[in-house]
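What follows is a set of structures for review.
In the two complexes below, chain A is the common chain; its partner is chain B in one and chain C in the other.
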Partner chain A sequence: MFTFKQNKLIVIAFLIPALLFYISFMLYPAFYAIVLSFFKWSGVASTDTYFNGLNNYILLFRNPVFWLSVKNLVFLLVVSVLTQLPIAFILAYMLSGNIRYVNIFKVSYFMPVILSATAVSMMWKLILDDKYGLLNNFLRGVGLESLSRSWLTDPDISFKVITLINSWQHVGYFLIILIAGIATISEELFEALKIDGAGIFTTVFKVVIPLIKEVIGVCVVLILTQCMKTFDIIYVMTSGTFGPNNVNQVPVGLMYYRSFIEDNFGQGSAIATMVLLFGVLLSSVVYIKGFQQKNTV
Partner chain B sequence: MTNDIIRVRLGKIIVYIVLLLWLVLTVYPLIFTLLSSLKSQNDLFSNVFGLPKKIMFQNYYDLFVVKKIQNNILHSLFISCSTIGIQIVICSMAAFVLSRFKFKFSNALLIFFMAGILIPQQSVLIPITLMAKTFNGFNNYLFMIIIYVAFGVPNFVFITTGFMKGLPREMEEAALIDGCSLPRIFWRIIMPLSIPAIASAAILSFFGAWNDLILALILLKNDAMQTISLGLISFTNEQFSNYTGQFAAVIVSIVPTLVLYFILQKQIMKGMTAGAVKG
Partner chain C sequence: MTSDGAKEKIVIRFEHNWTEGSPQLPVFKKMLEEFKKENSNITVQEESAPDTQYHQKLKTEISSDTLGDIIMNWGGSEVKGAVKNKQFMELTDIVNEDPSYKNSFVPGILEGNNVTYQDIEGLWGIPINITLTGFYYNKKIFQSAGLQVPETWDDMLNVINKLKETGTIPWALGAQDGWRVEHVYTQLFYKINGVKSIYDLASRKVKYASDVGVEPFKYLEKLRDMGAFGSNPAAVSFQMEQSEFMSGKAAMNFSLATYAKKFTAEDSPIKDDAGYFAFPYFSDKAQYKNDIFAGGGLSFSLNSKLTGAKKDAAVKLLKHITASSGQQQFEDASALIPTTDIQQNTATPAAKLVNEFRATFKSAKNYANDITDPDSLSSMLTKLRDVSTGLMNKQLTAKQAAQEMDSEIANNE
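And now, the complex of A and B:
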């Protein structure tokens, strides 16, 4: 109906503003970050900048803190998938049945997702406080004082606690996605299964999960990308230190530290480049697939 | 037969117990936060779980009158609203063109926009800091807004283009035959029809800017300009032993988000899960 030839100017004029913003402040910086990672560059005010080859990467790979941050990230990725996915699936499956007040449950479960990670972390930091926190008081109250801990300052457990809080905040997101996925399965199929006397395990593992495995795949990738970007929650929970002694460090946090606290832009960019490549690789799996589906169906 | 009924009943009860448990785990921390914010420090320490012995608004009074947290809220509101204002105009325009015109690179262009969804925002922060130096972007809301707009463009274009593609064409065709100009068709027909998608995308962008911490941390060095996230952090740093005050600060910072959420829950859930499930 609309032809490009007659409306060339309008088409171009309509596209330019969005393109301009997107290219100059997102794409160009992304490429620039990669370029910077090959340069020695000390902070915003630096004039002493020179090509440094792979040195930023080599120094980084020799640094135990970098590997500690990678180890933490791997822990975060694995535990997040293993906690969020099963919890989200069980709740989503339950809510897909004949449940009263479904909406109250859905709205409540999703609520933490939209809250700012800063506020959520502050709330949990207060709840987990050594002395006056809810959790330790509760443990003392029920006679389990031996279980009470300095949840956020004990280096043995602080990162585990942070991981669980992060999961707490995001489970609701995957729950809603999975509910939408389960809703695509036809009612008749569930009826037929019931008539055949199929048990809950057969229904879930042999029918439901195989039918929504693509949705589950999307959830896994979304969990992984969300974890990779986790910064706010650790920053707030550790009062901006990512410590003690970097024990709670993750690559994005290390990037922030190297670049903006220590003014080492080169090494910061090397981390940023790895985060970028990892993120693009991960999420391209989902989006390219989704895009193909949208265009073929 | 009776055994079956009992089993079904029992199953139902277990389901409700599990659902309620998670509900408590989700909502109780927020209720606890609200209750604690209404206590005096002594009341909190002696009575962690109970209701406030006497409801105290002192913490809120201190936040608004002494700390002037409303300034932080206004800053964040200004930044977030300006961000979505610009995005609504420029992204809908792009989406309109991408959903209606076939030209040599139209499909490639959509993919080009979508590629931005894959880029983790944190990975571009260093070049943005360098730009901030060149363009005087530190302590500068306009610069921040520009960055937030850019960060949100890919997702906004993605959501709105998908929606506009699905809109029926009859009205615009009729308007075109009547001699209506393209910009007019866009503004008078496409925009109003696309409000659901635009609203979903805009709320997501709003939350993105409102909840952001790291960009504000890097760009705003002037304490008088702090956003709500920065205000929260500086408040905890200044008054680290004022527990009830911190609880109140958490409540103040999440109330605007919660209000938006309760008004627009459907759109928000739809917008955030768009694209994850086919259809």
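And now, the complex of A and C:
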């Protein structure tokens, strides 16, 4: 039998390429960004970097746009979890039953996932356009003009709309994961529950969810990390402005502006560091406290 | 020269954004052929990318110090890092050594904000295009409404009110794209305060939240509230703005001279109806009547690493592209407004319109590009565009917009 103890060198040899890749393209850039966050640098090679201490962080904390971006991120995180997960679970539970043409449904719900974020954003931008978009023109056409809105420029609703579109695009991904999770539950268990007269509430909340708790936990972590990185959908839907007047700004968008538009890589790295630390902390706490199965003897 | 007397073979890396489909590309290729005939030892290696990618390429090459030998750019803050880091060659001596070349340029264009900097001495590029702005208007709509072209802002407000009565959008403005509103603010600023006030802002002698910065925002607010831009300009993109003007839904469009070709093209619905008038002035600020939003746009710079024969070859090619004869060809092909004083083309409707823009430029007393060009804080242009869209979207009042500009300075300096 192949064991690690007997074949240490072979195991290490196989792991080294992946490890080197991980260190070079993940760990080292992350470490360098943390270091750079304490310096002032324009991003131009061979120009001097100046040690700036905590000034990048202080300037950031003094900037109201930064706090607006954090508020938007928290909103995105909470709403994404509360929309994507329940909807994906309900659909997964329904599609795990005996339904005709179930694969057609699975493909339909998964389709938005495989579309590029740019394509999704452009499509919704055209649908939601204030003057010429499909939605407002439909509402005007059926006499519901009072419901028409500036969906993408009204500061009170634009970020909510973008959040829902982001959720719409990703629900299918978690649907597939949850279908796989529910499939691990034995059919006999469902039959036994039926015979015992367990209703749907009991079946779902007392049996199914506890049994796939770790799968749900993985989904929550994936939603959180996906939200932390969300940039493209907001960038395209706001024509690259994250506006009007930063109303749709998120930390990653601010990082992009600071670094690549305003040539302030120090502050950009400070934002990146905070996003990294917040993401790791949040994911770890949520998963460990909320979803990890405790091993009992 | 090589030891056997033959000229040394030289390769010049020429970077530009004139890709397939650009009207300037055939002109450029022709100019390179002409150059090659007279300089058979010099090979020009073109490196081109479409516009957005070209800006990214430029940024990356500045960051990695791998710029080409001749570099197309738009000056200003985008390449200030390269200038500060001495990656661009200082060109004053090269220009001064050739008086006929130097004198071919329109007065003041070689001192413009896109090729010089307030805090760095020297000339860092040769501009081949003047950015000119002004009003396009639909002559047919004006005629049916019985309107004359406005000269002052009192006239303009009257025109706007009359156009509203006809159900036409008086002024197409894509306020969703910040730069559109920022251009209007900039021109209002110059007519209210004069161009030279931008240096008071940049030197922090004057705050944005003073009358200097607030008054143009207030006027923008007034135009917004009177419906000059239609019902919800913040929801209109730049593409929609042009579409509204070209389809006759809007009567006026404040834009760049480079769009003259688009508005007068064969397939343009308003090809016979597009006219021009200069941005109106304020009667009580007549001293700023000829202060305008204009300046050098597209330029070419040289890499500071060039030496010896290669430097001489690059200078020769740069002069060939940017001299009057070259610029005439670019203008004929693509409505780029030359920076040299050349024979005016009157052959096409676009050229006739552009000549009207040019006449305004010729009568200008002072001109400059964006207000924030001389500002050392690189985030100011983005901030100005953000607060301008915020104002148009009624998120900010004029005073708040100006205060946010000052906050940006306070938070970053």
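Simple rule for what comes next: the second predicted complex is superposed on the first by the 248 of 297 C-alpha atoms of A that agree within 3 Å, B and C clash if a C-alpha of one lies under 4 Å from a C-alpha of the other, contacts with A are read in each partner's own complex, and residues count from 1 in each chain.
By our rule, a residue touches a chain if its C-beta (ideal position, glycine included) is under 8 Å from a C-beta of that chain, and two chains touch if they have at least 3 such contacts.
For clarity, every value in this text was computed on a predicted model and none was experimentally measured.
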Next on the checklist: Under the stated touch criterion, which partner chain does A:Y132 make contact with: chain B (first), chain C (second), both, or neither?
Outcome noted: both
Next on the checklist: Once chain A of both complexes is superposed, is A:N264 in touch with chain B (first), chain C (second), both, or neither?
Outcome noted: second
Next on the checklist: By the touch definition at the top of the document, which applies to A:Y22: first (chain B), second (chain C), both, or neither?
Outcome noted: first
Item to check | Between chain B and chain C, more extensive residue contact with chain A | outcome: B
Checklist entry - Touching A:T153 in the superposition: chain B (first), chain C (second), both, neither? => result second
Checklist outcome for this item: So the chain A residues that chain B and chain C both touch are 44-45, 129, 132, 239, 260
Next on the checklist: Help me check something: in the complex, which residues belonging to chain A touch chain B?
Outcome noted: 1-4, 7, 10-11, 14-15, 17-19, 21-22, 24-30, 32-33, 36, 44-45, 87, 90-91, 94-95, 97, 99, 104-119, 122-124, 126-127, 129, 132, 134, 137-138, 141, 168, 172-173, 176-177, 180-181, 184, 214-215, 218-219, 222, 225, 228-229, 231-232, 235-236, 239-240, 252, 255-256, 259-260, 265, 268-269, 272-273, 275-276, 279-280, 283-284, 287, 290-291, 293-294, 297
Checklist entry - Tell me, which parts of chain C touch chain A in their complex? => result 59, 62-65, 77, 81-82, 84-85, 87, 176-178, 232, 234-237, 240, 378-379, 382, 385-387, 389-390, 392-393, 395-396, 407, 411-412
Item to check | Residues of chain A defined as touching chain C within the complex | outcome: 42-47, 59, 62-64, 129-132, 150, 152-153, 155, 239, 241, 243-247, 257-258, 260-264
Next on the checklist: Can you tell me which positions in chain B touch chain A when the two form their complex?
Outcome noted: 15-16, 18-19, 22-23, 25-27, 29-30, 32-33, 36, 44-45, 48-49, 89-91, 93-94, 96-98, 100-103, 106, 109, 111, 113-131, 133, 146-147, 149-151, 153-154, 157, 162, 169, 172-173, 176, 182-183, 186, 207, 210-211, 213-214, 217-218, 228-229, 232-233, 236-237, 243, 246-247, 249-250, 253-254, 257-258, 261-262, 265, 268-269, 272-273, 275-279
